[in-house]
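See structure below.
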Amino acid sequence: MIPLSFYLGLAALLFSIGLYGVMTHKNGIRMIMCIELMLNSANLNLVAFSSYTNTLDGQVFALFSIALAAAEAAVGFAIFMAIYRMHDNINLDELNILRW
Amino acid sequence: MPIEIPEFIIPLLPWIRGTVGLLLVGFIFIAAMGAVWLERKLSADIQSRMGPCRVGKYGLLQLVADAIKLFTKEDLRPLNADSLLFNNANIFMISSVLLMLVAIPVGAVFINGVEYPLAVTQMDISVLYIEAMSAISIFGIFMVAYGSNNKYSLLGAFRNFARMVGYEVPLGLSVVSVAVMTGSLSIVEISRAQGLLWNIFLQPIGFFVFFVSLMADMGRLPFDQNESEEELIAGWITEYCGMRFGLGFFAEYIHMILGSFLVALLFLGGWNVPSFVANNPVLGLIAPTGFLLVKTVFVLMVIIGLRWAVPRFRIDQVVDLSWKKLLPLALLNLVWAVALGLYLGA
Amino acid sequence: MLPVASLLILVPLIFAAVTFFTKTKKQAAGLGFLGSIATLGLTLYAYLNFDSSTAAMQFFESIKWIPSLGVNYSVGIDGISMPLILLNSIVIPFLILYSWKEDRDAPNRFYGLILTMQAAVIGVFVALDFLVFYIFWELTLIPLFFMVNIWGGEKRVHASYKFFIYTHVASLIMLLGIFGLFYASWQQTGAPSFDIRELVAQFQFFESSLLRDAIFLSIIFGFLAKLPVFPFHSWLPDAYTEAPTAGSVLFILLKIGGYGLFRISLPMLPNTGSPELIINMLGLLGAFSIVYGALVALRQKDLKRMIAYSSLSHMGFVVLGSAGFIALSVSGAMFQQFSHGLIMSILFMSAGAIQTTTGTRIINNLGGLAKRMPKLTVLMMVGFMASLGLPGLSGFIAEFLVFTFSYVNLPGFVLFALLAIVITAGYHLWAMQRAMFGVYNAKVGDISDINSLQVFSMGVIALLVIYFGWNPSPVLNMMITNSEAIVSLGAAVGV
Amino acid sequence: MPPMTMFMVKHLSPRSKAAGKYTTYESGSVPTGTARIQFNVEYYLYAIAFVIFDVEVLFLYPWVTVYKGHGITSIAVIEMFLFVFVLLFGYIYLWKKGALTWVK
Amino acid sequence: MLLAPEIAVVATALIILLIGAFMSPRTKNVLGYLATLGVFAALVLTVQSLGTEAVMFYNTVSIDALSQFFKLVFLAVALIVSVASIKYNENSDHTEEFYCLVLFATFGMMGVASANDLILLFCAFELASLATFALAGFEKQDARSLEGAMKYFIIGAISSALMLFGISFVYGATGTTRIPAIAENAAFLAQNPIGLVAIVLLIAGFGFKMALVPFHMWAPDAYQGSPSVVSSLLAAGSKKMGFVAAFRVFILALPALQVDWQLAFTILAAVTMTFGNVVAVSQTSVKRMLAYSSLAQAGYIAMAFVVMTPMALTGGIFYTLAHAFMKGGAFIATAAVVWMVTSQKTGDLITPDHLDNFKGLGKKMPLAALSMTVFVFALAGIPPTAGFMAKLLLFSSTIEAGMAWLAVIAVLNSALSLFYYARLVRYMYFLPPDGKKIGMPFQYAAALLIAVAGVLVMGIWSEPFLQWAMDAAQVLA
């Protein structure tokens, strides 16, 4: 058996990478990808815990969260599409009408 | 008369399984070559021409010649192609089919009436696994197309994407409908459950949906919009030449064979044989696998034959077919299957 | 019996609501007048049915409102509130008459706000539940804020916000004190209640003297800032000066700070941790306000500002009288509130009239107005004389009572405050001399006297000032009855 | 395996350098424009529809294995049909809105 | 049927979606009335089932006073929003989508309110979030709407990832996702640093939704950019969802870690209310101002987590309902003004919610101005409105708990808030109008009247509401 801490470490690493990516990237699509990474690292956690605690909740949770992540990405892409049509790019730095 | 299994074999079982796996890979490669040959021959027959006949008896060695040709061709890569994507796309395509292969039992042996499926692994969720793995190849195709930096390729990939997206759903639904009957996602279980009645008779709609979706999934005519030689100059594979092309081509044929196995396993009763055959020490070893292979080859021939029986659909027709016809049919079939499963189970 | 206490709130409120929807100035002023007259009638009814020989609550009504918090809608009138209600009801009709002929934007809102204000102030006076009390307390802010903000002078925005934020913060701190009182009593009795009299009575049973002090101080802070007295007064000159005449008069009628002092703080005072210290502090504040207000008024060039500071000085008497903590000194403080309301109304009306006719309030730019405006001059004289405490006018009675009886407990502060009498006389006479008499200042231009309605309204109030100067007993009697009740609480503890 | 193959190819196949060979293929003419073209919006709509229904199938898979034999058969079947039924609304809506039609 | 309200909402949404697809744009106005009817039915059903308690679906759904109360809150908001949206969606081709999203968002919020399981909680939370993401960007031709939606989406998605990660730790340490079971097994979480990590992640996740500083960045943009009716839903509904989720997760599931999250909320509450009020003062866009004031209000409500006495919880819960009416109504009034500006083509068209466009509103749209006045006074906590009662409960309980310093901060803040609220009133009543009187669309009028009625009734006849809130707080105690 692989120790639980390996899974947790991996999940934490992926999560951090995702968070870092969201913080640093300006491109909307990349941000969505990074967010997906974060969500999936959480799923990894859930599944790992599920198998180590011998309960099924975690796996069920992961299943639901995968579905929600997909829906979230869909909504996100829809918003970005609309933005792209208006601005011809999805660089978040250039969206700054709403400030103060 | 039962055969004694010697004690010393038991610790060796993992090794045996490994060997079987390796053999399977080899077998499937040879089979893929065979499928190419079969396709050429069959096509020729349908069109009343000879097909390959020079190299070897009935042109059997044509494939070897082709392979040599591909190996010695220059590996061209357009200057403005993205090398990372372009070079590594093959890995995805090949690994997709190989990973699928791992879970597909290509037959079974009965020893003392006990069934031993010939698969590298036996997982509980093999159907789901196979579907998931088969979806990997789309990454390969998209990587090639995007990496080639060629409009034809990209268009091909777009179409491929639209088509895969459309057929993945009916495919999944029809697989679920089959699985509903047995309450299991294991291929072995599913095929075992068809001892009395094949699923094709229980769920004709499901079979239709599955078969069509599978064809689309494999990119076989009439669903080869991603290649469509006439309009897109082989589509996604335009810039691929030499052995790169060869590998992609190879993967497609393996995919086709595995697809045929799936049809045979899920709908055509798998390797089920009457119990007297299974209990017979000799027939039990040979007959189930033979049965399955016969069915598979039959399916393969149907698939190849269909290439010449129907014209290629336009992409909008393809998409319409999946979303507006197959999906409702698949849902209908799901309802039917649940009802039937409950009825038969009760 | 009519439910007078509720009606006194409702009638002006309803008239205010209707007035907001009137179209013309005539309708607005007429309705406003009608409403205030109706209120006056109710007040007189209440006054006539009032038994001034008892300190008990009269016209008491109580309805359950939020049982789970122990909140009731309970109102009533006693000798503390009756004179103040009377003051309000008397002055406001004349205030409306006074401004009858003025032209201004949005008259419907103007008169509507006046009536709202009246309702809110009376609401504070009759409320016997802390929540009701606080609601009306806050409600008084809104009309005054808009009064200053819309119809005020040049610096109206600044003044209105300053007034608003100052007093709002103060009343919020008071609210926190009320919360403290509420919870402490809840713990004490096990039942929530917002009843003012009950909470005030419970106050003495709280164990922690720190808690009692904190509650007392935060509540009295709200009152002192509203009153105002010296350190908390800085909103006053701006607001009083920038407000339109009617607004200034409304400020004058806003006697809720002093009322709160009598109703809530004084009964609690003997039970604080160190009542002596607090009495001394209050005495100091009062005396200092008297002197400080007078001194600052002395050097004002602006007539209205001068009156504003003199008002601060007068408010010092209220605090000093309260701090005296003897029945008669407290009654003096109460009477000071009452008479101050009348006197200052005249003065602000006069100052307003001068400003509208001459276009300036700077005393140095005026001069010899008596020749052109004799009626105004006479009325203003009455106001000034009353304000400086001339015997025979109502101001004298109040100041006399405060000085004489506070001396018993706080001799030092009273002696100090006596200084102010001289100063007050000085600046009043000086201003009178410069503005009304002396050489006619040609720069003022050709001016005419105040109109007859203004004469009438100011005249009636001036007559009242004189009347109460000779015969204060109609209101003083009930004040004394209640003061005795308050002070007797202190006697029990030995203060 | 593919890298291995390509390694072999590298050593087996001939090399000749000619500039024309390395250009992008465009039916013989000189390539024009960039191939980094945008997705057509239709693809996007299909992708969304795919997400919806693939998720549906995703939920069906585990359901398949448990709905029988745990004493919950009837309620499980009803709930799954409810789920599919709700999605059916979405499907009809998509169809009606023309999201499933290639050319609009 | 205890789930009847939810079923009513979902069924209405599905029916609208279905028949809307078959209708021509001109007849689609009917859908708005249909949605209103559905929400109203759900409201009635909820009121009817008040006082019942049940645990359903293998302990995942808990119907108790808390969930019923918050369902009331959400349904009230949905009612106001759907009535007002009838006008907003007039002649729109996307009416059915709009209502469907509103109803699904409401459904999600209701799900969060009655979640007894973290899986359900997360799913419902996300359902509501997703629907509101789409709603925030509903004006596809408006750069502001899109920008707001995008910021809202990005930050919302991050927050849900943080939340999920936090939940995974909670699950890992306790081996269950059922809230009562977590509370029983949380001892390990309390001793382990993993508990702290989970708390931080969860606070970040919920804090985004509640728009607590420093997780508030999206709120002003999303509130300003979205169509006003949607801002109303966001501020009045979606924000409350964050609170009810936090109530469920922190107070019911993680009492073992109370010390930790209480400290965090203390700081967050104080900072949030101060920041919100200070920044709101300088805003010229009314919606943005309301957004910052909404931040401040979130800070007040968060005090309930700090004080945690039954009275404070009652106050916090009561506040959510009051705030739903006040802020929801205020945004609807803004919607009416935006409608006026865009349909009359007068005033500042680029920012239709600019303060200048409110000049003389008392003359141009008396009802809008009057109700806006009621709302802002209520937000400022001036009696006799719902806002006053709410603040009364909340601030007084802070005193009770001996946290006078927090009460003083809160009280000073609410004094400060009067500053910008009064400015708005001054603009509406005391500055000259730049146009003629305009007939108010009755849909906006109806929505405003509902909200005004809510604000006043809750302020004047607060007893029943207080009782409900007390019952709900009982669940948390």
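The first chain written gets the first letter, and so on, giving A, B, C, D and E; residue counts start at 1 in each chain.
By our rule, contacts are C-beta pairs under 8 Å (C-beta built on N, C-alpha and C of every residue); 3 or more make two chains touch, one makes a residue touch a chain.
Because the structure is predicted, anything quoted here is derived from the model rather than measured.
**Student:** Touching both subunit B and subunit C: give me those chains, sorted by label.
**Tutor:** Touching subunit B and subunit C alike: no chains returned.
**Student:** Set subunit E aside and report the joined-up groups of chains, separated by bars, or one piece if nothing splits.
**Tutor:** Leaving out subunit E in thought, the network of contacts falls apart into A, B, D | C.
**Student:** Mean of the CA atoms for each chain, then the mean for all of them together: which chain is nearest?
**Tutor:** E
**Student:** Measuring centre to centre with C-alpha atoms, which chain is farthest from subunit E?
**Tutor:** Relative to subunit E, the chain whose C-alpha centre sits farthest away is B.
**Student:** Would you identify the chain whose Cα-based centre sits farthest away from the centre of subunit D?
**Tutor:** Chain centre farthest from subunit D's centre: C.
**Student:** Can you check how far apart subunit B and subunit E are, centre to centre, with Cα atoms defining each centre and the answer in Å?
**Tutor:** Chain centres of subunit B and subunit E, defined by C-alpha means, are spaced 53 Å apart.
**Student:** On a C-alpha centroid basis, what's the spacing between subunit B and subunit D, in Å?
**Tutor:** Centre separation, subunit B to subunit D: 17 Å.
**Student:** So the centre of each chain is just the mean of its C-alpha atoms; given that, what is the distance between subunit A and subunit C in Å?
**Tutor:** Centre-to-centre distance between subunit A and subunit C: 64 Å.
**Student:** Quick check: how many Å separate the C-alpha centres of subunit D and subunit E?
**Tutor:** Those two chain centres are 38 Å apart.
**Student:** Which parts of subunit C, given as residue numbers and ranges, touch two or more other chains?
**Tutor:** none
**Student:** Could you list which residues of subunit D touch at least two other chains?
**Tutor:** Each of 47, 54 in subunit D touches at least two other chains.
**Student:** Can you list every residue of subunit A that touches 2 or more other chains, as numbers and ranges?
**Tutor:** Touching at least two other chains: 60, 71, 78.
**Student:** Report the complete set of touching chain pairs.
**Tutor:** A-D, A-E, B-D, C-E, D-E
**Student:** Give every residue of subunit D touching subunit A within the complex, in rising order.
**Tutor:** These residues of subunit D touch subunit A: 41, 44, 47-48, 51-52, 54-55, 58-59, 62.
**Student:** Flag every residue of subunit A that touches subunit E in the complex, lowest number first.
**Tutor:** 11, 15, 18-19, 22, 28, 31-32, 35, 38-39, 41-43, 45-46, 48-49, 52-55, 57-58, 60-61, 64-65, 68, 71-72, 75-76, 78-80, 82-83, 85-87, 92, 95-98, 100
**Student:** Mind listing the subunit E positions that touch subunit A in their complex?
**Tutor:** Residues 118-119, 122-123, 126, 129-130, 133-134, 137, 140-141, 143-144, 146-151, 153-154, 157-158, 160-162, 164-165, 167-169, 171-172, 175-177, 220-221, 224-225, 282-283, 288 of subunit E touch subunit A in their complex.
**Student:** Quick check on the complex: what are the subunit B residues that touch subunit D?
**Tutor:** Per the touch definition, subunit B meets subunit D at residues 71-81, 87, 90-91, 94, 98, 124-125, 128, 148-154, 158, 161-162, 165-166, 168-169, 172-173, 176, 179-180, 183-185, 233, 238-239, 242-244, 247, 315-316, 319-320, 323-324, 327, 331, 334-335, 338, 341-342, 345.
**Student:** Report the residues of subunit E in contact with subunit D in the complex, numbered from low to high.
**Tutor:** Spelled out, the residues of subunit E in touch with subunit D are 10, 14, 17-18, 20-22.
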